[in-house]
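Chain lettering (A, B, C, D and E) follows the sequence in which the chains are written, and residue indices restart at 1 in each chain.
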Amino acid sequence: MRNKLVTKRSAKAGLPPGTLVHIGERHREAARVSIIAYDEKGVYEQASDDLAACFPLRNQPEVSWINVEGIHSIELLQKLGECYGIHPLVLEDILNTDQRPKREDYGAYLFIVLKMLSLKNGNKGVAAEQMSLILGENFVLSFQEGLAGDPFDPVRERLRAGRGKIRSLGADYLVYSLIDAIIDNYFVILESLAERIERLEEELVANPVRETVGRLHILKREVIFLRKSIWPLREVISGLERRESSLVREETAIYLRDVYDHTVQIIDTVETFRDILSGLLDIYLSTLSNRTNEVMKVLTIIATLFMPLTFIAGLYGMNFHYMPELNWRWGYPAVLILMLLVIGGMLVFFRRKKWI
Amino acid sequence: MRNKLVTKRSAKAGLPPGTLVHIGERHREAARVSIIAYDEKGVYEQASDDLAACFPLRNQPEVSWINVEGIHSIELLQKLGECYGIHPLVLEDILNTDQRPKREDYGAYLFIVLKMLSLKNGNKGVAAEQMSLILGENFVLSFQEGLAGDPFDPVRERLRAGRGKIRSLGADYLVYSLIDAIIDNYFVILESLAERIERLEEELVANPVRETVGRLHILKREVIFLRKSIWPLREVISGLERRESSLVREETAIYLRDVYDHTVQIIDTVETFRDILSGLLDIYLSTLSNRTNEVMKVLTIIATLFMPLTFIAGLYGMNFHYMPELNWRWGYPAVLILMLLVIGGMLVFFRRKKWI
Amino acid sequence: MRNKLVTKRSAKAGLPPGTLVHIGERHREAARVSIIAYDEKGVYEQASDDLAACFPLRNQPEVSWINVEGIHSIELLQKLGECYGIHPLVLEDILNTDQRPKREDYGAYLFIVLKMLSLKNGNKGVAAEQMSLILGENFVLSFQEGLAGDPFDPVRERLRAGRGKIRSLGADYLVYSLIDAIIDNYFVILESLAERIERLEEELVANPVRETVGRLHILKREVIFLRKSIWPLREVISGLERRESSLVREETAIYLRDVYDHTVQIIDTVETFRDILSGLLDIYLSTLSNRTNEVMKVLTIIATLFMPLTFIAGLYGMNFHYMPELNWRWGYPAVLILMLLVIGGMLVFFRRKKWI
Amino acid sequence: MRNKLVTKRSAKAGLPPGTLVHIGERHREAARVSIIAYDEKGVYEQASDDLAACFPLRNQPEVSWINVEGIHSIELLQKLGECYGIHPLVLEDILNTDQRPKREDYGAYLFIVLKMLSLKNGNKGVAAEQMSLILGENFVLSFQEGLAGDPFDPVRERLRAGRGKIRSLGADYLVYSLIDAIIDNYFVILESLAERIERLEEELVANPVRETVGRLHILKREVIFLRKSIWPLREVISGLERRESSLVREETAIYLRDVYDHTVQIIDTVETFRDILSGLLDIYLSTLSNRTNEVMKVLTIIATLFMPLTFIAGLYGMNFHYMPELNWRWGYPAVLILMLLVIGGMLVFFRRKKWI
Amino acid sequence: MRNKLVTKRSAKAGLPPGTLVHIGERHREAARVSIIAYDEKGVYEQASDDLAACFPLRNQPEVSWINVEGIHSIELLQKLGECYGIHPLVLEDILNTDQRPKREDYGAYLFIVLKMLSLKNGNKGVAAEQMSLILGENFVLSFQEGLAGDPFDPVRERLRAGRGKIRSLGADYLVYSLIDAIIDNYFVILESLAERIERLEEELVANPVRETVGRLHILKREVIFLRKSIWPLREVISGLERRESSLVREETAIYLRDVYDHTVQIIDTVETFRDILSGLLDIYLSTLSNRTNEVMKVLTIIATLFMPLTFIAGLYGMNFHYMPELNWRWGYPAVLILMLLVIGGMLVFFRRKKWI
């Protein structure tokens, strides 16, 4: 149920670089390819498994976007790679789904790796899948693992409807739109986490049970995991925004700054989560200490009240022949009064100690 | 009552950039617009909902300051944006009230986002609202959420009275004055927080109760929240002060350095709060441990005193026929003396252990 | 008794910049002004409240040093400011005694803010007062709050006696001497703190009582407070040493490097204090745990010894008619032997557990 | 069994630099030398202890790779050093197997130190041995301690088979392949560690025993140890990738970037381990507190139930002559009912406290 | 016994800079001066208290090394200072033995301050003494406090024997050799510390006693102290290695890089010590908690077993006249069986709780 600490990668040890082996969970469905080519005038769309359709697009002026869902088809990748002149190391990275987010400049194209986050069933955790984007002069290739649905539908809608500037600005703006779609998604995750943290917080202050600390630990792990996916994003996007590659035009950079702001905000929020979660354990521990303290007080009060009384009763339960008190007429009431005095004294003592 | 960890933002996912949707709590009152134009000679003031009045100001030599209170009127924003040539992304950011403080240079104007802090009812917490400032060559636009009153009255007073240099220096000095007004406000918040921390501190050392740890946690959260609002300020204002934009004149930069000093001081203070609050929990836990220890000592003293006595009493309460002590003439007094000896020995033992 | 977390500053909110309002504790005595002018040949000295005497010095070749003790006289400040052409923001900062240490270059003069530390009555804490220095081409202005005596007497002595190079090097060397005098003072504070920490350390290891944790907290706060006063010093003095302003001559820079070394050493020491203090709480908590453990052991030993014995005694205190043991001749001695066996067994058990 | 904190190095104190003394564990087997020379056309291979064979290779155009397994043969090292003109300090560093990973540029050659990690027997810990690589214009020297097998077999296979580009790219690509082989190995270690951490995690949440904390400590130490071996790698490889030495060709740099990515990923993972391990101790401590709490509750419930009952029984066990209750017909049943009421009251009390 | 937190320095407050006052412990023996002059051909050596011998060396081509052991002779220092043209601030720093390690470039010479570490009697702690080195064009002055023996004997031996390059390379190589000798010494300290830490570690896991936490604290303090002495070294030596001063020749820089590596390795190790020590306290605390838990369990088991039994016995010890059970023939055996059932039930309960 929990996220694995490490993805099994050792199988690859010893293979030459650029060897295409899929690392990560394997999924049975076939890969789906969708092709969209557009310019200001119109949109040409096609969804097929036949890549031949996309090859002529390579040399046309329209921007073409090829989206591959499901990355385990190695031949498909190889064909695409040849057609668009992609370096084998890039293809290898697309297959190895445990990459950190990164941005690599290969001159003719930019290679960007991101993580798409989604909520697991029942809102019980965060899953991540790898999104690889390749931005060329007039094309965008995107590769999804395809586990948790396609986040790009709104972008497609905008392309089809020609809303906003998406069709008039170039391939870099399309990449911006895809990144924006992915990062907008993060906010959903953050909201869900925030909700769970706040619920735990209330529970901890009100009435912590033993399971609480386990759930706290799981939340902590998820935040650590999230942090690992999100921190490198900052550098990835800030590099795009500063236009370190000439593939990003100035007009798009302003939009990328917006995405960058979102990224920083997300990182901020994740750090806040960390701070709050580490504070929660302290609350839990102090609540536990408090409880032990309270239990101890009850025990001490009871013991302190009844031990002396039991002793007195025991004293007059002794069977000595010569115990004058036993024969006194008012012996029994006197002992009862003595006991009441002991109780009274103890109560005064407890009150002074502020125990009752 | 507490500050939300995350503002609901997911509703925006998928919309094209620049789409104006208000994010944050929605308030019912209409937006209020006030317009002030001034130069060294005089002040022209107008408060209306009709923006038409401000359009001609655009091209006049006077400095004009348009202050919008209540930002949920999207049409109003759009009109202003068109009139002053503001980028749609800026308008979007003004509406999304969960921005981090930031400074963006759009060439013809500077866009600055700050947080205004205010105390919630009953001095029980800190609320933040977003302040967006746009500084152009001869105009300043300011947008307030309008939740907790307008902090700019002193600035208006100075403008009207012509006190200080405010009317002779340009729009950048006006922006400095607005920022200064906002940041002066932070000191009020810090003083209130400091007071609450000091009260908690005294309480913790003197007589901590169970609720104390809850209040400690709330204070910690507020400081985390404050920190998140204040840290980015440093960079925002230091960039202004270093005159990274040509819209800031050298004469104003000296004043901005003053604001920058204040910002650093505020950050310092917030860090001190953090340090002290994290120390307080340690005190609380050690006080709890101390108490448990004390309770345990009382229990142990009582048990250690009375268990042997009760045993002796029980011993001579046995019903064996042949127990010679029971028939001795001085058996009972002897047992009483034995018991006194036991008590004496125990007291010596406790004293040696420094328990009493 | 404790240092306030925040100085009341909110009163200033809304005033235009450069408004002179004294922030900090107000003291009743009048300000004292002392004027010293010197060159290699001689020293001219005057202590008066009449500033008129200092105005002609402005344009003479001698170096003049005007020291103001007690900064609440606003007129005096204003006169001085006019005479030496000081920016109103500087005067404002001199009055606001909660400044961080800083260094500001105004071209014609350098403005330096430091903290002077002193021990409170009875060596119970650290007090800070603000020292403002203004270094011009041929003049030095120094402003003391005047709470805890004047640290500059040794410098005056050196000036009068012409010892060292103080009279032959310029105003920058005088400023160095003043800063050096202030920072030499810090070592006194550090020694006093170190002594208190070492005393607490011994106490904690030997015999911690409840008050110890309170004193630990107060020491921690003082170190936090000290740190806040001292950290910014590093940057202030390193800037002087690197001769970022042309007012500092190369010959003086070597001496400033010496002061810089001291500053770094002081910061190092304060960090060491922090490390040690945070270790001390751990010792305290583990000592407490140890004690609780010991108390628990005593309780458990007593209970474990006497509960079975008391039970056996109770058993033969039952009043059943048919209890054959009660009529046995050796019943009573047999029970006593049984009890001794129980005690022996328990002692073996405790020994094996290493409890006794 | 555990990794030593410090390797015995003091024996070397006082020797002149460049003195060749082997530091580290000494192994008895003789050193093994293997020589491979190759160009695009073919591979020449030889495994012998006679180094004479490799000397002529020095001046031939083929790339030659000399791999030395077992570094304690000082003469061998000296001969190789003379032949290839290696600085005595480099030879010294090869022998001192407690080096940090580092990269040193000697102009004519690059000296690279890495750590090879392997699992100890029974998967119980991580062992490190030093790998020293020297990259020249047309030669690569590699020195292994030779403790845990040779990780370079896959590289040899690729050389022999001519798979990939390994034979057409130069010596720098060979060094890249060797580094890649070493770093691929790290993933095996990480997977093993991750497995152990996850097992410990489950155990801690489910049913921690006393040994758990010892194992937690050992894991922590291993992660600290790993971190120390891995952190410097980042800088080592990033310097190679940025082509700070002219011995690294541009084509190889792309591959080195890939290795760099892996390094960063490994560091990330190790940091995650640290975070999780430090969280685990907190869980353990809170589980312990929880248990103590539970034990205390049982004790308190029992004591609170039976102490009053025992007292009542003791009361009516007293031997006073005048105790009217003893002679009542319904005295005994009445006392039993009283006892039941006490039990009932206590149960209500415990329920209200949520103890049962 | 412990290292002082702060060296008494306040005595110096107020003195003009360059005043020579010895700070630190004062030692009675006279200072010893040894002079060695050498070039490739031979060595001239002299040990005397008469400095006159060294003055002519100033202007000769040989490299001369003057080593002063015991620095409290102020006249001697002053004479040396005049002869070699040393700045008074440098002489002051040589006397003030609480300097941080530092490197200062005075143009004609470099001033380097290091700490020499040594083990105190009985291997019980680390002592530090100050080593000041002055490197000129053809001379090296070294000043030792002279507390713990002279670490430079191996260097002298090498000079006399002419082993290595020491006589052919210049004064900078001699300084390198001295620094190397000092830093080689650190490894001895680290090994001793590592041994003590490992011993403590085993003790803590096996059987911690109360004194353990005190020893842990002392070790922590020593590591803090060590860290303070070692951290600044990095910068000192890296500056030498980068040849920021022209007094360091390129050939020597390679050797300094070696020393730099050692320094980084030492810092790494000290950081590892810190990490491990802070982990040890956690182990100690959890062991304590564990023990308290165990003690509590024994107490609870005993109380839970015997309290009900004692109550039953007490019940039938009551003296009511009408208690039918007392007259039953099988009353006593029945009660005994009841008690056995109670014991059995409790044992089942404990087993289910996993307490026994």
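The criterion applied here is as follows: a residue touches a chain if its C-beta (ideal position, glycine included) is under 8 Å from a C-beta of that chain, and two chains touch if they have at least 3 such contacts.
Predicted model only: the values in this text are computed from it and were never measured.
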List the centre-to-centre spacing of subunit D and subunit E in whole Å, with centres computed as mean CA coordinates. 26
Cα centroid separation between subunit B and subunit D, in whole Å? 42
For subunit C, write out the residues touching at least two other chains, lowest number first. 285, 289, 292, 296, 299, 303, 307, 310, 314, 317-319, 323
Considering only which chains touch which, label the overall pattern as line, ring, star, complete or other. ring
Beginning with subunit A and continuing through subunit D, what order do the ring chains follow? A, D, E, C, B
List the residues on subunit A that touch subunit B in their complex, please. 153-154, 158, 163-164, 166, 177, 180-181, 184-185, 187-188, 190-191, 194, 197-198, 201, 205, 254-255, 257-258, 261, 264-265, 268-269, 272-273, 275-276, 279, 282-283, 285-287, 289-290, 292-293, 296-297, 299-300, 303-304, 307-308, 310-311, 314-315, 317-323, 353-355
If we count contacts the way the header does, which residues on subunit A are in touch with subunit D in the complex? 4-6, 8-10, 12-18, 87, 89, 92-93, 98-100, 102, 104, 106, 207, 210, 213-214, 217, 220-221, 224-225, 228, 281, 284-285, 288-289, 291-292, 295-296, 298-299, 302-303, 306-307, 309-310, 313-314, 316-319, 323, 325-332, 335
